[in-house]
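Each of the next two complexes has chain A plus one other chain: chain B in the first, chain C in the second.
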Partner chain A sequence: MLGQIIYALPFLAEGFALTLWVSFLVVLFSLMAGVILGVGLVYGPVPLRWAVRIFSDTIRGIPILVLIFFVYYGLPAIGLHLPSFWAAVTALTLFKTAQVVEYLRGAVGSIPRGQTEAAMAIGLTFRQQLTSVIFPQAFRRFLPPWINGVTDAVKGSALVSLLGITDLMQAINQVIGRTYEAMPLYILGALIYFAVNYTLSLASRRLERRFTFIRE
Partner chain B sequence: MGYALNFNLIWRHFDKLWGGLLLSLELAVISIAIGIVIGLVLAVWYVSAGRMVRGIIAAYVEFIRNVPLILLVYLVFYGLPTVADLAYSAQTSFIATLSLYSGAYLVEVFRSGLEAVPRGQMDAGRAIGLTPWQRLLHVRLPTMLRITLPALSNTFISLFKDTSIASVISVPELTYGAQWINFNTFRIVEVYLVTTAMYLFTGYIMLFSLRLLERRFRAAR
Partner chain C sequence: MATNTQEIPALLDVRDVSKAFGTVQVLRSVSLKVSRGEVVTVIGPSGSGKTTLLRCVNFLESYDSGSIRIDGKEVGFREGGSRQRRGERDLAAMRAETGMVFQSFNLFPHLTAAGNIMLGLTKVRGKSTAEARSIAEHWLGRVGLGHKADSLPAELSGGQQQRVGIARAVAMEPKILLLDEITSALDPELVGEVLEVVRGLAQDGMTMVMVTHEMAFARDASSRIVFMADGGVSAIGPPRDILAAETDNERLRSFLARFRASHF
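== the complex of A and B ==
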């Protein structure tokens, strides 16, 4: 039993690398898109606010799995042919973007209005207000939930296995298909996911505690 | 482009989606009911327990929260029967998994709720001569439930969405119904449009009714 698992380790490591790669791409893209849309939600003109609100509330109301299938099976029907890897990354990014939008809204919303007014009073441009006054303060409200949310991306990435992508989850299922050692392999997989995500949650908690002493 | 929407086949097989939606709701309701029991028992135990028990409860909570749900579903359905002498249907297996899953989230919810109950209330209970058990049952738990109601409804709605994972072990809930229609009729865009609408609509109806309930029972602070 142990021998078979050790034999499978390099294969599992490849799957694990893919899990990390998917998670990384999703986190990166969703951070960029989420911050832009989030700023649009807080400061944009009313139609843009509505559009972002509808986007976020819709995406967060759908199970991720349905979103993944929708993007994977649906896009080719309207003439967009994405490889399964990119379909999965797109779907997970959409989902994560909606989360980032909400983190950003919460963080920026927690900054007292007086800060913006003071920034306007000393004549800062809108961009300067954001980059020199609002964002530096909102950052410490944004960071802990965002890091904690990265665990959602890692956990969500396990769903790409359903599109036949050999991530950690799929690699485990394939090794089980060959060795019939279901329980040890699932536990091994769970421990790997746990190690990654628990580290992230600890980091998030530590940062949160570190930031609480700062008075608002 | 050049894709013409045609919903006829979806309506013909709509019973798959409708039945699936009902099953999704059933799975979510049963799982949160069991999850609430797990959460309450462990949270009450946690706040009064020693280091060891706290450690074990925390380990359960952290393990469940940091592992993908799909892996837990596989582990219980395909893994557990290979090492234990157990036999259960996919549906039972999924309910067990989702109950343990929601239980872990609810321990945290209830634990912080218990800590948020003002000390004065417990002291008042003691002052009028309630036993510790009565203080828990008549003072601490009711106040805690009011405080945690918003978190409880959020958990329920996200559990409803999580029931879609049951499709991976062929439990015929809504997502499974959608896949069935997808594979049998190839009306891909239509079926996922309808399914998405059904998830959204049901989710938001739940959200609004739970918010009404919360307003009715809001904790007086």
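== the complex of A and C ==
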């Protein structure tokens, strides 16, 4: 039994690499899109705020599984054919983006109005106000839920196996199909996911401590 | 002796500025000229529009009609009376010429005292970090906080924070400094040290418009006092005229009477 698992390890490693790759892409894209849309939600003109609000509320109201199937099987109806990998990444990114929007809104919204006014008063442009005054302060608030979201993304990436993509989850299932050793392999899988997410949590806590400054 | 009959153009020229928040008329045709080097204090009951007036001067707040000029340049709107708002960069550049000190300090809590002062110097004035640091240290020395350059705001007393707030504003070498009840959030024993700094700036010729409830300071340090009531300038003149108990301005008299009753 152990022999069979060891034999399967390179295959599992490939699946694991794909899991990390999907997670990384989703986290990266959703961070960029979420921060931009979040800034639009907080500072944008009213129509933009509404658009982001509707986007965020809609996406967050849909089960992620439905979102994945919708992008993969639904979008071809309007002529958008995405290969399964990119369909999965797109769906997970949409989902995560909506969350990042909310984290950003919460974090930026917690900064008192006077900070922006003081930044304006010394002549900072909007972009400088954000990068030098608002974001550094909002960062500490943004980080914990966001890292939480990153661990969610790693876990959620297992759903891509439903589109037949060989990520860690799918690799485990396939090895089980060949070896009939379900329990040890699921335990191994659980341990790998746990190890990744535990590492992320630790990193998060260290980061948070580093960005602690005392508020008046 | 020059016999110059030409009027010296005011550094700050507020003309017929009106502003409403919704249906509430907050400023009613306010006009005010402030010359270079002048210290003007603004007094008046709460809600009379003092803060709003200051905020209009550096365009933290827009206004509905009238004009505000600093050094001849229209604030907020493009030249030519089109009432077209200036672009974002243009506004930022204009605001850099106007210093503002807030009642609630509004220091940047993630930056040290020196960092608070250096931010505008590096980002807006384009100074190197070393240059900015030495300017920050100079001003911190001027406000008596030379030893606190590397302290975070949270590690400073209210009076110290406000002195950093003043240093942050003046380090930008603004043409005019706006101060909005800068001692109102302070414990009484800390008011003096902050006013002392303002006095020093006045002696150096800094042009200032200062909203305050410190009547003794207004009397001693300002060249003119503006009394605002109900969104308008109700009285304006040298301290001895405005603070005279026998003024025939009904509103001013009752304001001063109430003020004296509650503060002395």
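Assume the second predicted complex is superposed on the first by the 206 of 216 C-alpha atoms of A that agree within 3 Å, B and C clash if a C-alpha of one lies under 4 Å from a C-alpha of the other, contacts with A are read in each partner's own complex, and residues count from 1 in each chain.
The definition used in the following text is that a residue touches a chain if its C-beta (ideal position, glycine included) is under 8 Å from a C-beta of that chain, and two chains touch if they have at least 3 such contacts.
Note that the structure is a prediction, hence the values are computed from the model and not measured.
What is the contact status of A:158 with respect to chain B (first) and chain C (second): first, second, both, or neither?
A:158 contacts chain B only, not chain C.
Of the partners chain B and chain C, which touch A:58 in the superposed model: first, second, both, neither?
first
Where does A:137 make contact in the superposed view: on chain B (first), on chain C (second), on both, or on neither?
A:137: touches chain C, not chain B.
Considering only the touch criterion stated at the top, classify A:198 as touching first (chain B), second (chain C), both, or neither.
Touch status of A:198: first partner only.
Which partner, chain B or chain C, touches the larger number of chain A residues?
Touched residues of chain A are more numerous for B.
When the two structures are overlaid on chain A, which partner does A:118 contact: first (chain B), second (chain C), both, or neither?
The second partner, chain C, only.
Is A:189 touching anything from chain B or chain C once the two structures are fitted on A? First, second, both or neither.
A:189 contacts chain B only, not chain C.
Regarding the shared-chain residue A:110, is it in contact with chain B (first), chain C (second), both, or neither?
neither
Which partner chains sit in contact with A:79 here, chain B, chain C, both or neither? Use first/second/both/neither.
first
Identify the overlap between the chain B-contacting and the chain C-contacting residues of chain A.
none
Could you please specify the touching residues of chain A with respect to chain B in the complex?
58, 61-66, 69-70, 73-74, 77-79, 151, 154-159, 161-162, 169, 172-173, 176, 180, 182-183, 186-187, 189-190, 193-194, 197-198, 201
Report the residues of chain A in contact with chain C in the complex, numbered from low to high.
Chain A residues touching chain C: 112, 114-115, 117-126, 128, 132-133, 136-137, 213-216.
Inside the complex, what are the residues of chain C that reach chain A?
Listed in rising order, the residues of chain C that touch chain A are 58, 60, 88-89, 92-100, 102, 104-110, 119-120, 123-124, 152-155, 161, 168-169, 172.
Using the touch definition from the top, list the residues of chain B that touch chain A in their complex.
1-3, 62-63, 65-72, 74-75, 78-80, 82-83, 161-165, 167-168, 175, 178-179, 182, 188-189, 192, 195-196, 199-200, 203-204
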